[in-house]
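All remarks here apply to the structure that follows.
Letters A, B, C and D name the chains as they come in the text, with residue numbers starting at 1 for each one.
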Amino acid sequence: MNSDKLIEAFLKFPGIGPRQAKRFVYFLAGESKDYVDQLTRLILETKSGMRQCKSCFRYYEEQNSARENLCRVCADPNRDSDLLMIVEKDVDLENIERTGVYGGKYFVLGGLLSLGGNGKADIRLKQLFDKVEKEKPAEIILATSATLEGENTNLYIERILEPLKVKISRLGRGLSTGAELEYSDTETISNALNGRK
Amino acid sequence: MNSDKLIEAFLKFPGIGPRQAKRFVYFLAGESKDYVDQLTRLILETKSGMRQCKSCFRYYEEQNSARENLCRVCADPNRDSDLLMIVEKDVDLENIERTGVYGGKYFVLGGLLSLGGNGKADIRLKQLFDKVEKEKPAEIILATSATLEGENTNLYIERILEPLKVKISRLGRGLSTGAELEYSDTETISNALNGRK
Amino acid sequence: MNSDKLIEAFLKFPGIGPRQAKRFVYFLAGESKDYVDQLTRLILETKSGMRQCKSCFRYYEEQNSARENLCRVCADPNRDSDLLMIVEKDVDLENIERTGVYGGKYFVLGGLLSLGGNGKADIRLKQLFDKVEKEKPAEIILATSATLEGENTNLYIERILEPLKVKISRLGRGLSTGAELEYSDTETISNALNGRK
Amino acid sequence: MNSDKLIEAFLKFPGIGPRQAKRFVYFLAGESKDYVDQLTRLILETKSGMRQCKSCFRYYEEQNSARENLCRVCADPNRDSDLLMIVEKDVDLENIERTGVYGGKYFVLGGLLSLGGNGKADIRLKQLFDKVEKEKPAEIILATSATLEGENTNLYIERILEPLKVKISRLGRGLSTGAELEYSDTETISNALNGRK
């Protein structure tokens, strides 16, 4: 049945399980035809209006921009091209932009390497190498999450970029806002101690 | 922008907040055009293929059924027409069907009255009255959730159906599976005591 | 060291793990000597002042009661001796008393049988048999929690009391306060349906 | 009644609410007299055997130590006296010791200033000033939790120690182990960016 296929399609949505997928179907059944028509129209138009930035590989909505196929950040001449921050995914980039504390450029990897080292084919390592080789930024900032997969990905990126002799830094580790000493792990305390100032 | 409008549309989905709505948009941006085309096609086809049962008002997917505009349960001559269970919403009905312990018919209210008594216009009280008046079931089972809104709705239904002189029962109250005496409230203990057997 | 032994002793307290046991020790170190002296005095006096009711086996604080070795409920001539409710533990009894909906007597088992049937030696099955044989209540109400262990214990009690030919009932099962139909399990729905009224 | 007074005494224990305090009383009632005697004996002996280090103000269990009234860390000639780490409470110190990454000395404040600046009388600011004035460590490391109260306390300590012209550092801020970029706050991202290396 179509509803079963639709439930299956919703299951691909991030964070959606079978129960919620089924609720989505009943929700759509109960909504007006106008809402559903508008929803599908918006999905299609948003999809076709989204471009992938040819420089940082994030997705963005096409607008009349002077330079084609570049996102707002990459097209902005006031952003510092000497700093290139590597992030895992679009929402990481969005969150960092929201804070307003970073003035450089980005590169979106599209994922992390698994602990077994799998996933090399799924993330943009080749595109990263090409970009760094061509643009030669003064500093690359590895801004993956402070997890084992993030560590692992950082190590691998450092290895493949080594021939390019570019300076590579990592986000500072230490106490996140709200962290309590009583519950902090060895690594965090060690980092916080070494990074004291 | 379309993506903002799409985020707004996703916010109407049950249980979806701003962060997840945004993730949905990025998810769609990263998926293949084929997936997105199929998703919207399935949404439209499912929506247009869903019928609202003219007897119990649940939504169901149209199939070649002998009797038009009736859901599988309402069209089934083996279901006991003397029992009419009133539920709040489609997924309640689905969950009860899944257990296989009920052999009667249903009526889907489409919501509950708020504690202030609001919402009378939004739920199918008129349709319930008409159905009961016409079909005269031997027993109506009020199967709303054991909440104040559920109680309130039960009381109101009993009042409006009173002229029809039909027997009305409520689901038994007591200990749910897993309930512990140490943490049970007065109402549950009282119901469990009165309903002992 | 004494502090290690004290941590070990605190680990026997219900719900206390190693981290909290250690915090207790530091807490006591930082408190005044007066507080600690009073605490240990209260522990000893409470312990020596607690009696176990010879009739229901609950623990209670000795006061000048007319009948010795009987708790307040067992000594109360206004409580209905024809009803005997079997509960797992003292706090269950306390919670039921708090609700004020029960006017009979109690018996505290002191635990439940494990699913494997273990624990028969640890709970007061012999004492229950003797009490029922001697007092011959009109009805025994099994008020264990609605868990598998509770079920299992109920079945076993029914079996050992069978020769005494006393009426045995169980607390009513159904929807606990707050239960929602969408998330209810088969057993609860089945019980709620059978127990409708 | 004694049991009520005991419940009240247990309510002062860290993290203990009324329900658990009551369970403690029933637990003690059901335990052997031996256990309860040993518990109170251990409480009294631990309390009387705990010393407060005259140098760092932590609590420790007295053992035959060469230097009286000094805890194991303060009495250890191999610990670096040039580093003085200020922590809020004993368990913070214990956790840092557990990691084994710090080789200096400590000072236990005994609390933090509230946001309104209250609590100055309750924490060991005077003792800290005296110790720093007398021992003149090369560096003081403020190791309070990364909360507003911790910040506030750090600022106040910096102010009162200013006349002593000692170098004061703070634990490094940045990504704690496990932190994800998508959910990090502005302050953490800003600190992680500034502290990159």
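General remarks:
Keep in mind that, in the parts below, a residue touches a chain if its C-beta (ideal position, glycine included) is under 8 Å from a C-beta of that chain, and two chains touch if they have at least 3 such contacts.
All values derive from a computational prediction rather than experimental measurement.
Common neighbours of subunit B and subunit C, by the contact definition above: there are none.
A straight line joining the Cα centres of subunit A and subunit B is 39 Å long. Subunit A and subunit C have Cα centroids separated by 54 Å.
Contacts with at least two other chains are made by residues 89, 91 of subunit A.
Contact topology of the protein chains: cyclic, one closed ring where each chain has exactly two touching partners. Those residues of subunit B whose C-beta lies close enough to touch subunit A in the complex are 1-3, 5-6, 9, 12-15, 20, 22-31, 33, 35-40, 42-47, 49-50, 52, 59, 61, 63, 89-91, 94, 110.
Across the interface of their complex, subunit A is touched by residues 87-89, 91-92, 95-96, 98-102, 141, 143-147, 169-197 of subunit D.
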